[in-house]
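Each of the next two complexes has subunit A plus one other chain: subunit B in the first, subunit C in the second.
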Partner chain A sequence: MSAFLTYLLNGLAVGCAIALIASGLVAIHRVTGVVNFAQGTFAVVAGLCTSSLLGLGVPHGVSEAAAVLLAGVAGLLTGLAAIGRPGTTPLSSLIITLGVGVLAYAVEIVLWGDQPRSAPGLAGSVTIAGARIQTQHLLVIAVTAATFVLLALFFGRTYLGKALTACASNPYAARVVGIDTRRMGLLAFALGGLLGGLAGVLITPLRPISFDTDVTLIVNAFAAAVFGALTRPVVALGGALLLGVAETMAAGYGYGSHQLEVALGLMLVVMIVQASRRSAIHEEAV
Partner chain B sequence: MLAVTGVSRSFGGVYAVRDVSLAVAEGELCAIIGPNGAGKSTLFNLVTGHLAADHGEIAFLGHRVDRLAPHRRARLGMSIVFQGARVFRAMTVRENVMVGMHGRTRSGFVSAALRLPRHRRDEREIGREADAALARVGLAEWAGRPADRLPIGQQRALQLARALCARPRLLLLDEPASGLRGHERERLAALVEELRADGLTILLIEHDVGFVTRLADRVVVLDLGRVIADGPPAEIREDPLVLAAYLGQAS
Partner chain C sequence: MKRIAAAALAVAVALGLPLVLDDSALAVYVLLGLAAIVTVGVSLLMGFAGQVSLGQGAFYGVGAYTAALLALNGFPPLLGLVAAPLMAAVFAVLIGMPLLRLRGHHLAFATLAVQLILLSLAGQLEFTGGDIGLQGIPQFGIGSWEMDSAAAYAWLTWAALGLVMLVTHHVIASRPGRALRALATSETAAASSGIPVGRYKLVVFALSAAFAGLAGGIYCFYTGYVAPGSFPVLISIQYIVMAVVGGLGTVWGALAGASAITLLVQGLDRLAALPGMPTYAPSVLSYAVYALVLIGVVLFLPQGLVPALTRRDRPGRRGRAS
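Our next item is the complex of A and B:
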């Protein structure tokens, strides 16, 4: 039982990191209509950057914050490349983000080499109901929860958040009321960068990061985001937590080498069930 | 206030608008009419910036605007009411109106999230203006409803409230009466008349000749992408070219 609880909490932590990346995907897709395949790269850049900064003796907190900001800048630059030119279609933008991801590999290998790097996180562990859990896992969960609350406040209460929502809902009308939809799109990319960076900084102490870790991250995050139809952040959060828990359970109970397949298989089943139920309702309505 | 000079736009070699010039003076209600396919919507989109002109100049308040993006033109003081349902889903009617005013407030994320006094003051002020605009278009009791649940006539009224809150210098209306029933149409006509009486400059695109001739100070008639008549409504109704264009279309 305590092993189960440990896996559950660890899984939730992994899911939280996925959720942060997925929410970045959702934010960017809602505002710009672009699926940003460079989203995992932001996490990798932030993770590698923290490990270097900490290695140079920069204190905790400062290193992490700098890495997240750098990821935000990376997000902005990706946005400039992808949607900076007016009239770029979402499909071309998607290809550009793929290109940015590949280009990032080269830059990362030049700067950090191709070996995985880790970074020290919060040391120690606590025992909850007989289950030992690393403090870093709890930190991941707490930071993600706080981030989602902040995001909800941002989108629900601020004018900038409302303007972003307006762009997501009807870009044509948003332009008419004087909202610069391109700038809002760039803002969404920067936000996606920050969220991805946050995820990277949080998971680097848990699992070493290398230049190609972004593939695992983006596959998971994309599955979670698609679960929420790329538009519903809360559903995406649920999907991400489910994925994280499923993966950790699979690894914990001896299917470690197939954890991604097990988790994605489960996801597929959930989505098929969901889709079939929705179409049944739709048919009744017709 | 608005000067369109020699503007043309073609699609695949076919001119939708060809060498059109027109001017709208301050405080005037100018209507553009014409049969289907005359180029009204193209001209409208050229003025708002949703289409780029191949040739010609568009000036607004003395500035060249024909290379400016739609949101820049909006900020100069053009407000638009579309024919279609262009409201923000997943927002209430009141939020729809308020979002257009976001650029005017200065309170940032922290003060908004924590509801600090400055933000509350901003929001109260904007809220009051939004409510006034909603009351003016007769949507006061719908303010808390989701915008996409409104019937089409009221969605158009909502767009009008949103446009008015931007404190426009020029109000652009794209077939505002289309799809409206008799009494809705009457109410809209009364509202447009009231706005004109307040001194607002209005450019109206309309298919319905009856609706226009009652309201407009001046009517510009388009046919096959060209201006075929330009004058007061009484004159336009007698114009043989206009009659031919409308009758030709009807036959």
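Our next item is the complex of A and C:
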């Protein structure tokens, strides 16, 4: 029972990290219609950056914040490449973000080498109902919960957040009322970068990060995001938690070698079911 | 008439080159041909059916493993080479039936997922040799004749490329080709004009998979071993770069894109091997080139090299997303 609880909480922590990346994916897709393939890259950049800064003796907190900001800048630059030029179709933008991800490989190898790196996180562990949980796992869960609350407040209560939502629901109408949809798109990319960076900073102490970890991260995040049809962040959060728990349970009870197949298979089934409910006319009209 | 002469000249050059190239250049020549074969399929799928496959490396791998397993179990290599594209096409039909309901980025991620699943399975299953893969694959040959020179593989590869380009040319020029172009712009409009959208998409998907499978089959005989590491995700991205650079939906564009990227990467590899360069230089340079070329071409030359150079611009033919 205590093993089960440990796996459950660890799984929730993994799911939270996936949810942060997925929410960045959703934020960008809602506003711009672009699926950002470089979303996992932001997490990798932030993770590697923290490990370097901490290695240089920069205190905790400062190095994490700097890494998240750097990921935000990376997000903005990705956005400039992907949607900066007017008339770029969403599919072309997807291919550009693919290119950005590969370009990041080159930069990351030059700066950090090609070996996995880790970073010290919160040390110690607490015991809940007989289950030992690393404090870092609890931190991931707490930070994710706070982030989602802040995001909800941002999108629901602030002018800027409402402008972003307006672009998401109807770009044409948003332009008519004077919202600069391109600037909002760039803002969404920067937000996506921050969220991805936050995830990277949080998971680097849990599992070592190397330059090509981004494929696993983006595929998991995309799997979570398709639960919410790439537009509903809360459903994506649910999907991410489900994925995280399922993968950790599979690994914990000895099916670890198949956890990737489980996640990917689930994603394919969800997408196919969703596609059969949607008509081509609706999709092409959007 | 001029175009036939140009094509004849290209064939003559392609067949003549193996006679003058040295061994290391021949290796590049064979790999270039193989990449071009896959890229023709990717270009057909992206340019005509308007679908992005991030998992083309999976079909390449299916072809390679099929040919390798048959050859290792004592079947004649020719059977392996014929079975490789067929198996890849059958696999494409099986996964395409559910997956091709998806479009745009959904399909891109779905095909990527299929490749990741296959790679993971190939690394774990016993009959595929796990992570070590399959080794000691016999040389390609027919009957008692065995193909043992690199030049022979170059001819085989480029003959296969010729066949693939010829097939693609006829598909494009035919009535189904026009139908494909129509469904790339709008599936709804195509369907209401009586085009069997689902069936055509499946056929193109299978055809592009068959091309990749054929290249995979030749690859396994040429290198003599296959392993999951031979088919990384990056190889699928590389085919997309080549197709986009050359110009989507053009037969010659695929060849031009594959040549441009292969030669560029080879040139940089030479540069990276110079003394004084860090050990990570080759991979860094090739990643950077793939990325910058891909981004640059999508942004500033969306029609690709071949249409831009030949000035046969067809306006408004940029990939329509879902």
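By definition in this document, the second predicted complex is superposed on the first by the 262 of 286 C-alpha atoms of A that agree within 3 Å, B and C clash if a C-alpha of one lies under 4 Å from a C-alpha of the other, contacts with A are read in each partner's own complex, and residues count from 1 in each chain.
Following the convention adopted for this analysis, a contact is a pair of C-beta atoms (placed from the backbone, for glycine too) under 8 Å apart; a residue touches a chain by one contact, two chains touch by 3 or more.
No experiment lies behind these values; they were computed from the predicted model shown.
*Asks:* Is A:Leu111 touching the first partner subunit B, the second partner subunit C, both, or neither of them?
*Replies:* In the superposition, A:Leu111 contacts neither subunit B nor subunit C.
*Asks:* Please work out whether A:Val62 is in contact with subunit B alone, subunit C alone, both, or neither, and reply first, second, both or neither.
*Replies:* neither
*Asks:* As a test of reading the superposition: which chain, subunit B or subunit C, is in touch with more residues of subunit A?
*Replies:* After superposing on chain A, more of subunit A is contacted by C.
*Asks:* With both complexes superposed on chain A, which partner does A:Ala145 reach: first (subunit B), second (subunit C), both or neither?
*Replies:* Neither partner.
*Asks:* Which holds for A:Asp180: it touches subunit B only (first), subunit C only (second), both, or neither?
*Replies:* first
*Asks:* Considering only the contact definition stated at the top, list the common interface residues of subunit A for subunit B and subunit C.
*Replies:* On subunit A, the subunit B and subunit C contacts do not overlap at all.
*Asks:* Which residues, counting only subunit A, touch subunit C once they are in their complex?
*Replies:* Subunit A reaches subunit C through residues 33, 35, 81, 85, 88-92, 94-96, 98-103, 105-106, 109-110, 113-114, 215, 219, 222, 226, 257-258, 260-261, 264-265, 267-268, 271-272, 275-276, 280-281, 283-284, 286.
*Asks:* Flag every residue of subunit B that touches subunit A in the complex, lowest number first.
*Replies:* Per the touch definition, subunit B meets subunit A at residues 48, 50, 69-71, 74-75, 79-80, 82, 86-91, 95, 98-100, 102-103, 105, 108-109, 112-113, 115, 159, 162, 166.
*Asks:* Going by the contact rule at the top, pick out the subunit C residues touching subunit A in the complex.
*Replies:* Against subunit A, the touching part of subunit C is residues 52, 54, 98-99, 101-106, 108-110, 112-114, 116-117, 120-121, 124, 186-188, 191, 233-234, 237, 240-241, 244, 280, 283-285, 287-288, 290-292, 294-295, 298-299, 302, 318-322.
*Asks:* How about subunit A: which of its residues touch subunit B in the complex?
*Replies:* Going through subunit A, the ones touching subunit B are 86, 150, 153-154, 157-160, 162-163, 165-166, 169-170, 172-182.
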